[in-house]
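Shared between the two complexes below is chain A, which pairs with chain B and chain C, respectively.
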Partner chain A sequence: MELFPQYHNGDSWIHRRDPRSKTVFFMAGVAVALAGEPKSVTFMFLVLMVHGIMARLPPARYKTAALVLSVTAVTLVVVQLIFNGVVTGLIMAGEAVLRLACFMYAFMQLVQWTHPMDLALMGVKMGVPYRFAMLPVLMVRFIPVMERELKGIFESQYARGERFDSTRQKLRGFLPVLLPLVLRSLKCGQEIALAMETKGFGYASRRTFLRDISFTAADGLWTAGMVCLSGLLITY
Partner chain B sequence: MIKAIIKSFSYPTGNVVLRDMDIHIPAGEFVVITGTSGSGKSTLVQCLTGVIPHFIRGDLDGKVEIKGRDLSSLSLPAISRFMAYAGQEPQNQLFNLTVYEDMAFGPGNLCLSRDEIHTRVEWALNFVGGRHLAGRQPDTLSGGETQRCALASYIVMGQEVLVLDQPCRELDPEGRKMVYDNIYQLHREKCLTVVVVEDRPAELAGLAGRFLVLDDGKIVIDDEAAAFMSHYNLAELGLSPLYKSCPEHFSPSAPPKGQQKKCGADHGEPLVQVEELWFGYKGDSFLFRGLNLQVFSGEVVSLLGPNGAGKTTLAKLIGGILKPVKGVVKVNGTTGYLFQNPDQQLFGSSLWDEVAFALKRRRISPDEIEKRVNRVLEIVRLNDLAGAHPYTLSRGQRKLLALATALVMEPAILIVDEPTGGLDCRQADLVAEIFTQFSHRGGSILMISHDPDLVKALSRKAFLLHGGSLREVKPDGTFPAVS
Partner chain C sequence: MKKFWRVDTKALVGGVLLGIVFMLVQQISHRIDSLFSPAVMIMGGITWATFTALGALLFGQPSGIIVGETQALVANASGLSPVALFFFLANGLGSFSYSLVSHRLSMEKWSHHLLAQIVANLVGNACVLLGLITVLKLPPTAAIISSVITCTAGIIGATVLTKLVYDNLKRSRLLDISY
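Up next, the complex of A and B:
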């Protein structure tokens, strides 16, 4: 199970869109999630879902996010019930969870249907030096490294007789590895940084990207549509 | 081409790692740097490539020049334009989404045209025999595949100096020969300067022109290839394993008196039984379709096969780390597991804590823990370093420590993945001795290894894993060709 979603290779209509229009789509989703009325947020969530289906993103990739959201939802409900009573508490908690779900979904779609290098190229096109434009991309790539390290530590513990069948066992196994995980991830990060430098990263003021991005008429229409829709939903 | 005068180098911890070095490597020379574990080979090449002092801090008293330019005045990206440095750990040298993108990363930084980048990437992947890996995610590669791709990601940049720290450590014998032959061809055709760090220099005898041997941070031998191979006994220098020269220790047919136990297929229940095993990673086709294997008490069974055949996956299935899709994996007894990459196995704050971890979790009495940990650390000869942090050890020592974490549980079955990879010859001899003693006491070992001498010395049974099926082969030190 992926802890953090990575780019999902595909050739759907959405995948082919320019990263700038995808970013606007994401921002529209976030804006409605933050500023819209609950009905608008629900509508936006449905719009996001339709786009997710169009991009053929596998539902299994949302498992971890759904789990995190469920835990957050339970916490929110408990807190709201304590401070605002049953009816108001449930309504407020439900609204907060809906907004959070909309935000998370929009973000997960952006990272899953946008190639990381396209995001870097977007920065370069906007005048950001490639050394800085590529940093967030490489930072996102660092997350699977941490996942790999965590998996390695768990496998190592398993090989030494630890078992992780129950939640209690998992927690018991996880706590002692937090510090080593951070240390090992830092070590990996250092090695990656060395590999990047010894491959010439940052020497010249520009570099050749294998990919290219272009803002087409379809991108323009999609972007305009999303801007109008989010405007309507927020002011509705 | 390379001129290095290093009076001394020490890490911030204070210990002097290199001393009294005066090295001159002319353009177009093929040099092998060798020596036992911890002799300073990797530190030396880090000095020769500018990684020290630009990236790794320490007190360097000396100067390294390449083509008359002082490396301390150039940045690492600037040095990378004429010198490739492929470090020891291939796992973290690939960091893009696909292998192809990783190949294109360096040439992209050199501002080459896209056509040129595509041509070079194709060439580099062919160079290491990894064309089929282009579309794979680096995280899904096996150890050997990762090393091939990491090497290619440097060679693709086309520099005039190649500095490679154990570039074939994780490769199968066929792959090692191919890569070293290709490096030699490249050196001849383009007159490249090549510096290779290699623990077992014999296999480079026909390729390299000069050998430097390090011991305790000093160059003790600097000789032409022909003179080096004829004047020195590699085994005495600790540069060739002794498996064959000590049959009384290493022949499984002659266990020491008092330690003899029945072993082999004719004696009772198997310790490991794999029946009709089916397995495939999520989203991939089946890697194994109905695989069968038995390992009996006292047996050392070798698992051979090319990189990416699924040897580690099979070992993890037997070790219980992975679950089969279909079929049965029965293991009668405790399992000890030695990972291919020891760093995946170590997370303690000291050697003692690392080894004691499993025992503490089992709530064994402190006295017993003390006794067992000390005994195991003594077996792997790391007892003097019990209080040190695992990351301060050399790779060979880390591997021995990882082995200690498996041995301390007193397992009935040891599953070991490339147990001598990254070890110098003396350490490899020690591992062979430990395994022999272990099997003579009735323990079983399932061993994945690309070390033909080790397989021949220890195993009486070997299986070739290829194309998802197992075939029994003779453990005679030759690796059946599969390509």
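Up next, the complex of A and C:
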């Protein structure tokens, strides 16, 4: 189960945009999701969806997110029903789910159509020291690795007789999974850090990159359009 | 004396990887909480406080904050919780406040871990309380009760878990903890 969406390799018009304009696009989506009226949030969600189609992002990638969101939605509905009654509770829960979906969708699009290295380059251009700017790249790269480690630990404990079928068994098996996972991550971190340092990471205060990013006129137009649209939707 | 500020590669990379583990563990614990107590995050609170403490203890700052922010980032992208947006603030401030306390103590006694957890949990849960009131629109009294329960569970559960895991790690010599 892919918890965090990975970069989708493509050559669409959106894929070719500068990471700074993509970040502004994402922030516009988030701003409307947080501050807009429900009608504005719905409109922004549709705008995001059109961009998703333009970027040819495969819809199957949202399956896990939809599953996670549905669990969160159930939690929201239960909480709102307890404290705000049936009608008001359902309306409030629906509104919160809509905002959350818009926020999630914007975030998932950003990580799917922006190469992790472009995010690092954006950080460097904005004056962030490269040692810190490279960390999101590392995070995106190692999420699937750690997910595989977790799966491996679950299977190892299962082979040793631990069962994870019922909720009670999952609760009981929590610690035997937690400790090996923490130990594995620390060992893995040490190995990666050593490998990076032997390749010269952190030796010089500045470093060069194989590729560069540039903010074109098309980026400017797209960014300005999104800023205006989000401003209109928030004040509407 | 433990170093408060560490920007070596081992600490930065370790912080990111522990942040990913933090995120994976939070995914499991939030699902368990959703089944038993949707309004009160007990397992989520305990694991949050444990990993906030481990990040600050093992790697110092700013890696402790990196651990928390990595989790907050993925929590927002994957819709882990309706109040996930407030995790950025809670995780950052929680880790920083834990470091401020643990930096001055030897962290060899139970009381040291308890004191540091009290401070981190109060700061972190105060941030999430804002989310419960503004995002979930819970009545303030209900939000405060929910936060107090999460905070209490976090302080007790995470003190025990952190001490156990931290002592085990020190014994294993897996990390050169003598900064």
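Everything that follows uses one rule, which is that the second predicted complex is superposed on the first by the 212 of 236 C-alpha atoms of A that agree within 3 Å, B and C clash if a C-alpha of one lies under 4 Å from a C-alpha of the other, contacts with A are read in each partner's own complex, and residues count from 1 in each chain.
Rule of thumb we're sticking to: a residue touches a chain if its C-beta (ideal position, glycine included) is under 8 Å from a C-beta of that chain, and two chains touch if they have at least 3 such contacts.
Please read these numbers as outputs of a predicted model, since none were measured by experiment.
Visitor: Using the superposition on chain A, tell me whether chain B and chain C clash or fit.
Guide: fit
Visitor: After lining up the shared chain so the two structures overlap, which partner does A:Phe201 touch, if you call chain B first and chain C second: first, second, both or neither?
Guide: In the superposition, A:Phe201 contacts both chain B and chain C.
Visitor: According to the stated criteria, A:Lys187 is in contact with first (chain B), second (chain C), both, or neither; which is it?
Guide: So A:Lys187 meets both chain B and chain C here.
Visitor: Let me test your reading of the model: by the given contact rule, A:Arg148 touches which partner, first (chain B), second (chain C), both or neither?
Guide: Once the two structures are laid over each other on A, A:Arg148 reaches chain B alone.
Visitor: Name the chain, either chain B or chain C, that contacts more residues of chain A.
Guide: Partner touching more chain A residues in the overlay: C.
Visitor: Contacts for A:His115 in the overlay, against chain B (first) and chain C (second): which applies, first, second, both or neither?
Guide: first
Visitor: Could you look at A:Lys125 and tell me whether it touches chain B, chain C, both or neither (first, second, both, neither)?
Guide: neither
Visitor: Using the superposed model, measure off the angle between the directions from the CA centre of chain A to chain B and to chain C, in steps of 10°.
Guide: The C-alpha centres give an angle of about 80 degrees at chain A.
Visitor: Figure out whether A:Arg61 sits in contact with chain B (first) or chain C (second), or with both, or with neither.
Guide: neither
Visitor: After lining up the shared chain so the two structures overlap, which partner does A:Glu162 touch, if you call chain B first and chain C second: first, second, both or neither?
Guide: Touch partner of A:Glu162: chain B, not chain C.
Visitor: So if I take every C-alpha atom in chain B and every one in chain C after superposing, what is the smallest distance between them in Å?
Guide: Between chain B and chain C, the shortest C-alpha distance works out to 5 Å.
Visitor: Name the residues of chain A shared by its contacts with chain B and its contacts with chain C.
Guide: On chain A, the residues that contact chain B in one structure and chain C in the other are 138, 181, 183, 187-188, 192-194, 196-197, 201-202.
Visitor: Per the contact definition, I'd like the list of chain B residues that touch chain A in the complex.
Guide: By the definition above, chain B touches chain A via 49, 51, 54-55, 75-81, 84-85, 87, 89, 91-97, 101, 104-114, 117, 139, 153-154, 157, 316, 319-321, 334-337, 339, 343-349, 357-358, 361-362, 391, 405-406, 409.
Visitor: Which bits of chain C are touching chain A when the two form their complex?
Guide: Where chain C meets chain A, its residues are 7-10, 12-14, 16-21, 23-25, 27-29, 31-32, 34-36, 38-39, 43, 54, 58, 66, 70, 73-74, 76-82, 85, 135-139, 142, 165, 168-169, 172, 174-175.
Visitor: Within their complex, state which residues of chain A touch chain B.
Guide: 6-7, 115-117, 138, 141, 144-145, 148, 152-153, 155-156, 158-162, 177, 180-181, 183-184, 187-188, 191-204, 206-210
Visitor: Would you pull the chain A residues touching chain C in the complex into a rising list?
Guide: Spelled out, the residues of chain A in touch with chain C are 3-5, 34, 64-65, 68-69, 71-72, 74-76, 78-80, 82-84, 92, 96, 100-101, 103-104, 107-108, 111, 131-132, 135, 138-139, 142-143, 146-147, 150, 167, 170-171, 174, 178-179, 181-183, 185-190, 192-194, 196-197, 201-202.
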